[in-house]
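Here the structure is laid out as structure tokens; the discussion comes afterwards.
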Amino acid sequence: MSSDSKTPPSGYDVQREHMLDFKVDQQLAEVVESDAKNFILTTVDEVFNWAKLSSIWPVTFGLACCAIEMMATSATRYDMDRFGAGAFRATPRQADLMIVSGTVTGKMAQRLKLIYDQMPEPKWVIAMGSCAIGGGPYFKYGYHVVKGVDLLVPVDVYVPGCPPRPEVLIDGLMRLQDKIRGRKGRFITPKWVTDYAKKIPYRK
Amino acid sequence: MGGMSDQGLHVTGAALMATLMFTVMALCAIVFTWMERKVAGFIQSRYGPMYTGRWQGWAQAVADMLKILGKEDIIPAQADKGLFVFAPILVLLGSLLAWAAIPWSPGFIAADLDLGLFYIFAVSSMVVIGILMAGWASNNKWALYGAARGAAQMVSYEIPLALATIPVILNVGSLNTQDIVIAQQGGMFNWFVFHDPFLFIAFWMYFIASIAETNRGPFDMPETESELVAGYHTEYTGMRFAFFFLAEYANLFLVAIIASVVFLGGWWAPIPGLDFAPALTLVIKGVLLVFLNMWVRWTLPRVRVDQLMHLCWKVMIPVTLLCIVGSGLWMILSGELG
Amino acid sequence: MEQKAIYDLLAGKLGEGAVAFHEDGIEPWAEIAVGAVAEACGFLRGEPSLDFDQLMCLSGIDWDGFDEAGKGKSVGILGYTDEGSPETSDRQAEGDLGVAYHLYSHALDHKFTLRIRLPRDRAEAPTVSGVWATASWHEREAWDLLGIRFTGHPDLRRMLLDDKWVGHPLRKDYVMPDRWEGVPMDGKPYSANPFPATEEPPAGGPKPDGDTPPAEA
Amino acid sequence: MAMDTKKTNGWADQDDVPEIKSELLELNMGPQHPATHGVLRLLLKTDGEIVYQVTPVLGYLHRCAEKIAEGVNYKQWVVYTDRFDYLAPMCCNHAYVTAVEKLMQQEVPERAEHIRVAVAELSRIASHLIALATFGLDMGAWTPLLYCFREREEILNLLERISGGRMLYNYMVPGGVRYDIPEDGWVKDVLSFITMLETKKIKDYNQLLTYNKIFIERTADVGVISKEDAFSYACTGPVLRGSGVKFDCRRNDPYSVYSKFDFEIPVGLGEMGTVGDCWDRYMVRVREIEQSCRIIRQALDTLPEGPYQAIELHKPVKVPAGAAYTRTESAKGEIGHYIISDGGQTAFRNKVRSPSFCNLQVVEKVGVGQMVSDLVALVGSLDIVLGEIDR
């Protein structure tokens, strides 16, 4: 991050682009560029970004089937709390992340918007499952289903699946962390993970 | 009886002590949030924070606090702005002031008051006002519910909390916290918790009341996440919410430290002669009690609000009163008195 | 008790109100007149030898465009196109609406099915929510989704949809909404997809079969 | 409860005192609320902690499934039945295919029926585990939630191995099941899992939650649903059985091969309070887990050889014209499908009678006069799933 002070403010940084495994939109690139000009602020920014990405508190907002998988993600086996994202807050005022887990209906749409508006900045949205992404199986005859939550609120990460497996949701969370960080994170596998992975038989 | 220089020294010392106390408080909030999540994980057969800061997610609470610093500060349009802003400060102040009278090691105390214990209970009652203000000012029905419940609960439980310490005060004959600790010198069987059966009961009464006083499960009525969305701090965001958060964990540690001071021998080690780190001994005792508190919180379901009141007024207050009488009788019979 | 015997008892009570008893299908059912349904249900519930204490189900039906011949040529419903906009049709709705009641007796362990037919322009039936409390929500749902008005119902509001919703979606001629109270109900066209399908398959992945073209509208 | 008597006086008497004006507090619980199990909205009128009126507002998850049933064919609609009761999808699959087969008068191979019963019961156990877990969560007990999810993961693993889906399976088709039992010791694993559940885990839950003093205090004598109310509101499943009625579609109106198996129907006995209180409904679920284990063991022990599909998978299903209401026992209660067929590949009308929809209605009556905390307990003990209520 700190070595980017010479790059022109507009356009992508070529060096950074290959580090990303997703396309950063122009806006995100500009934000990163403007911060990259000042060394001290960049470092402070890096620290704050680290804090933001390591402590993403989702709002307890279950809509449908995917909410059960969201619960499973925070439950024993998958344990989203490992990444600091396990502190589900019941009130949107204290949350950072809205996981839209399920079908958004016409009646719910206003409430969803309200909850999003009540969340303090900076805030993020994950569209979990095909219903939240684009109506899913309810596209053709779903007179009461909003065809994608991105018609209502800006979405940061789309997590496909019907419902997505918890692993995929965790992956979506990591993509969100990458997005907050502005680049792809370096993943260090702890020793206990590799040790544990060795013990898992291929198929029971 | 002191000149200007003495007073100057006094002010400097007080300022130093205050800074130290605030640091301790912030530190214990950070450590105990992390500990809470790890203990919860341990009890629930999962890991808890693992990645933030590499080793066992030790930096998790640091990240939480930093993130909360950077959050948008929202004051609802319909809220009572003055009260809304002042409430978290009052809550924090209530738990911060009480730290002054804690005796960390012989002579190491911010304010060596003759009425130390009384002072602690008096200032920590301010938390109730803060919670009530927060709930009222938020202009949110859930917050109001939480505040009303919280006020009723905390006012009620202050009584058994204070009553449970009276047998100890009877035994010591002083409200000064240092005197109380000094009276327990000489091994763990001189601690007041093992002094007589009534004091043993009084200790557990104190412990139960302290859980209720800190608004933690199974008595977390003001927050009751499954009933009132987040209780009295439903509308609070960012730093203001962090104040409540800090105060909760500071209070948690405070009541544990008071329990250690009053019942568990303060800075004295369990075995005589091991008292080389008095402050550390006290902190370890406090942390163990906090762990016990967390253990209870993550194991038991929550009681209902009327059952909570029932427990306080019909069970705990009579029992603690009985402890006072019993302990007094014990003193007369064992010949300690006069 | 046999269903035929129950119907005979009921017909004796209702007289003109009992229209017919159909025994030919898998599930025999009694057709009764619209006006008689509340009386019939009250009788079935109250008569000790019948004692239907549970209303299992209350279903509203729109018989518009039903293929009576049983060849599966009923009229299709309207949905959204692949572009996400609502489909429309010029067809005029015809045919009756209907309500079916499925009853069960815990005490005597027998079932019974009642059906009524309502004219489309005057879809009104007397409520049975006084007989079985559960009918209240079922009737609200039938009003909500099919527009069958239950007279005498204590609280006939929409059940599932919002009070401001227009139309009754389970009718066969219902046209899907494109916007409701500012909420977009229509879909995005495929071209607005933020992630268009790439031309090339992902590197390393299996190549798609030749005979299954990539999903493109 | 003594609360009911308070309902008539209390605030009504205060009209005599002109200076003191009091009004009921309107409280909006949901749709985003931790205790409403999804997007249920309860409009409460309360006087302090006492609830005077409960009005459930539904439809926040209305996904138009009945309309879709008129647009897609019978096989395609199995997918949507998964999403009704997403905690026990196999039971919903089973209910639907049973209804279609009844209309088709289709014989199903014995092996398929055994597999169906086994997976449906596994699904029922998973659903009941969630019911216990979320009920405990409503009472403020976090840890049982995670323990129950841990065991549920095992079931999901087993069902994933047989069906390929982790949570929603689309496993059954009219005329059989999609895949045979995998030949990697699936049966053995299922049996060892249910043995573990019966011998160890249920004891754990009982120790941690069921016989916990606080838990009993919170649930016994709370939210009592009388037998008459249960009939009138057409409550079914554990709610009806919790009120002391020995009724189970698997036994009283047998479908599939349930008549072959030996199992008991647990009912609420009022051990801790009144018959029909929250604790009874909870306990019925715990005991049903044990009975489901028994059924699975019998179904897999007597698993016959032979085909597992009567209709080839790629062939479309055509249902002769007719109409029938079929009811089966899902985890939440009696799930009924009223299918009207016009002889084609698509249902003309498919009304779903969902158990949660009928069970929830009872809060309008029983919730009145309770405290807010007890209302949370009552809604938790009904074990509702919004996907099924709103469809």
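We just call them A, B, C and D in the order they show up, numbering each chain from 1.
In the analysis below, a contact is a pair of C-beta atoms (placed from the backbone, for glycine too) under 8 Å apart; a residue touches a chain by one contact, two chains touch by 3 or more.
Note that the structure is a prediction, hence the values are computed from the model and not measured.
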Between A-C and A-D, the pair joined by more C-beta contacts: A-D
Centre-to-centre distance between subunit D and subunit A (centres being mean Cα positions), rounded to whole Å: 32
Subunit A and subunit C, separation of their C-alpha mean positions in angstrom: 40
Subunit A-subunit B separation of Cα centroids, rounded to whole Å: 37
Cα-centroid distance, subunit C relative to subunit D, in whole angstrom: 23
Residues of subunit B engaged with two or more neighbouring chains: 44-46, 225, 229
Sites on subunit D at which at least two other chains make contact: 33-34, 59, 62, 64, 67, 70-71, 146-147, 150, 390
Contacts with two or more other chains, residues of subunit C listed in rising order: 77, 79, 160-162, 169, 174
Every chain pair in contact, whichever chains are involved: A-B, A-C, A-D, B-D, C-D
For the subunit A and subunit B complex, residues of the former touching the latter: 47-48, 50-52, 54-55, 75-77, 79, 81-84, 86-87, 89-91, 93-94, 96, 118, 120-122, 188, 190
Interfacial residue positions of subunit D with respect to subunit A in the complex: 31-34, 38-39, 59-64, 67-68, 70-72, 79-80, 83, 86-87, 130, 145-147, 149-150, 152-153, 166-168, 184, 189, 386-387, 390
Contact set on subunit C toward subunit D in their complex: 25-27, 29, 53-57, 59-62, 66-67, 69-74, 76-77, 79, 100, 102, 106, 109, 113, 132-134, 136-137, 145, 158-162, 169-170, 172, 174
Subunit A residues within the subunit C interface of the complex: 106-107, 109-110, 134-135, 139-148, 150-152, 158
Residue numbers on subunit B that touch subunit A, as the complex places them: 37, 41, 44-52, 54, 57, 59-60, 62-67, 69-74, 225, 229-230, 233-238, 241
